[in-house]
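After this come two complexes, each holding subunit A, first together with subunit B and then together with subunit C.
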Partner chain A sequence: MSELLDPRAIRLAEKAADRDDAIRRCGQALVDIGATEPGYIDTMLAREQSISTYVGEGVAIPHGTLAGKDLVKRDALAVLRFPEGVDWGGETVTVCVAIAAQGDGHVDLLAALAEILLDEDQARELREATEPETVIRLLGTIQEETES
Partner chain B sequence: MPTRTVTVGSATGLHARPAKIFVEAAAKAPVKVTIRSGDRKPVPAKSMLSVLALGAKHGTEVILEAEGEGADEALDSLAELLAKDLDADHG
Partner chain C sequence: MATINGKDIRKLVVACDAGMGSSVMLASTLRKQLGKTGVTVEHTPVNSIPADADVVVCHSGLAARARSVAPDKPIVPFQIFLGDPAVTKVVKAIQQGTDLNV
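Let's turn to the complex of A and B:
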């Protein structure tokens, strides 16, 4: 799990025209680091149409459908920050934590992310992060927790 | 206090989609419902982040609690929802 968060998939000055564009960028980051096949992006869009992945605190967690699992080559995260915000069905999303997961390991991962977001200070730090190191420090605890 | 103990039925656990469906249903309940797993502190069932933080997987036992008028009915329908495979409808 130490490879879960590849620094190349932390992109903190992104711009997106709309929600779908933001999801495509998230998916592309996962493709770029070799975590998923390009087809995974379409399943991420399908998932979002089925139900919003907005979780609160300005954060969404785009991920593929169950059918998309076959297109996942390895479990990975991508963190994309949209400083200008993206309209997400009425909510404003600043940070996307995109997920590629094969098994149910991402339930632990989501739980750890939720713990971070429930802490107002950490949630703000994540939304305002401009350096990849900040994201790695905040989300690094996720990797430790999911390993145990 | 009216209580229901439920085993999570969703194949991939109480993660994004099943959690969202459950949280939206809990928000519509006429009473305040809490959910907890094991010895952990009860959290509001209508809070997406709190429910995600439970990290409940398929087969995890969770406890729902509510008080007030309509509590039993609300708990029954939420318990039924949790026991179902909420991932089954869409791929």
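Let's turn to the complex of A and C:
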């Protein structure tokens, strides 16, 4: 869990001019924690241009393309929150859960995220989270429930 | 347009470009919904759809690529990652053993 979700990559008071800027910030967080090569960011932008990664409830899950997988050094997630919202092709995104993955190490966390997004109250809690601990708790607790 | 019966679906594949993001999330929710049915749910990049897939679910933007990779498979395109009516229909067809037009 801690390896996948590094507290340094949980940034909850971000600002972005537009969608591309938001994705670059997400990518930079993954680069900063040593999860990807800098070139991965361009594949994230490319993926978003072909198909939006907006998944609902004000959340997007930007990630690279198939080609970008070669630039992933280890599986990791970054959680960036944009309190002012970012226009995402007509939708407003408040939280980005950025993904770098070669394997399936992050599957449980994404399963937890799906559960959160299907629950209005938890989705709101995630959108309004100002402390990294809240994000870790939300993604972590549900994960245990899914496994049981 | 083809018809497949939910009872004949043993393996459902969620196809994505990289197979690391939205397909993973959709596959995990489908796995949960279909847990009791014994249907296998996998997520794969669209370029490597397994030969034994009975039905392929993918974003509408990837449907053309999925059809070229797996021309003989029923493809179900969707627009929304969570709660798309097209995907709900597949789940219902499997759970109730009813026909599905794809």
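As a working rule, the second predicted complex is superposed on the first by the 132 of 148 C-alpha atoms of A that agree within 3 Å, B and C clash if a C-alpha of one lies under 4 Å from a C-alpha of the other, contacts with A are read in each partner's own complex, and residues count from 1 in each chain.
Heads up, the rule we're going with is that a residue touches a chain if its C-beta (ideal position, glycine included) is under 8 Å from a C-beta of that chain, and two chains touch if they have at least 3 such contacts.
For clarity, every value in this text was computed on a predicted model and none was experimentally measured.
S.K.: Aligned on subunit A, subunit B and subunit C: do they clash or fit?
M.R.: Because the two structures are overlaid on the shared chain, the partners are seen to clash.
S.K.: After the superposition on A, what does A:I61 contact: first (subunit B), second (subunit C), both or neither?
M.R.: A:I61 sits against subunit B and subunit C alike.
S.K.: Just checking: does A:A29 make contact with subunit B only, subunit C only, both, or neither of them? Give me first, second, both or neither.
M.R.: Neither: A:A29 stays clear of subunit B and subunit C.
S.K.: Mind working out whether A:L5 is in touch with subunit B, subunit C, both or neither, as first, second, both or neither?
M.R.: The answer is neither, since A:L5 touches no partner chain.
S.K.: Using the touch definition from the top, say if A:L110 reaches subunit B (first), subunit C (second), both or neither.
M.R.: A:L110: touches subunit B and subunit C.
S.K.: Based on the A-chain superposition described above, do subunit B and subunit C contact any of the same residues on subunit A, and if so which?
M.R.: 47, 50-51, 53, 55-56, 61, 63, 65-66, 104, 106-107, 110-111, 113-115, 117-118
S.K.: Considering the complex alone, what residue numbers of subunit A touch subunit B?
M.R.: Result: residues 46-47, 50-53, 55-57, 61, 63, 65-67, 104, 106-108, 110-115, 117-118 of subunit A touch subunit B.
S.K.: Okay, in this complex, where on subunit C does subunit A touch?
M.R.: Interface residues on subunit C, with respect to subunit A: 17-22, 24-26, 28-29, 32, 45, 47, 59, 61-62, 80-83.
S.K.: In the complex formed with subunit C, which residues of subunit A make contact?
M.R.: Those in contact with subunit C are residues 47, 50-51, 53-56, 61-66, 68-69, 99, 101, 104, 106-107, 110-111, 113-115, 117-118, 146.
S.K.: Write out the stretch or stretches of subunit B touching subunit A in their complex.
M.R.: Touching subunit A from subunit B are residues 12-17, 20-21, 47-50, 52-58, 87, 90-91.
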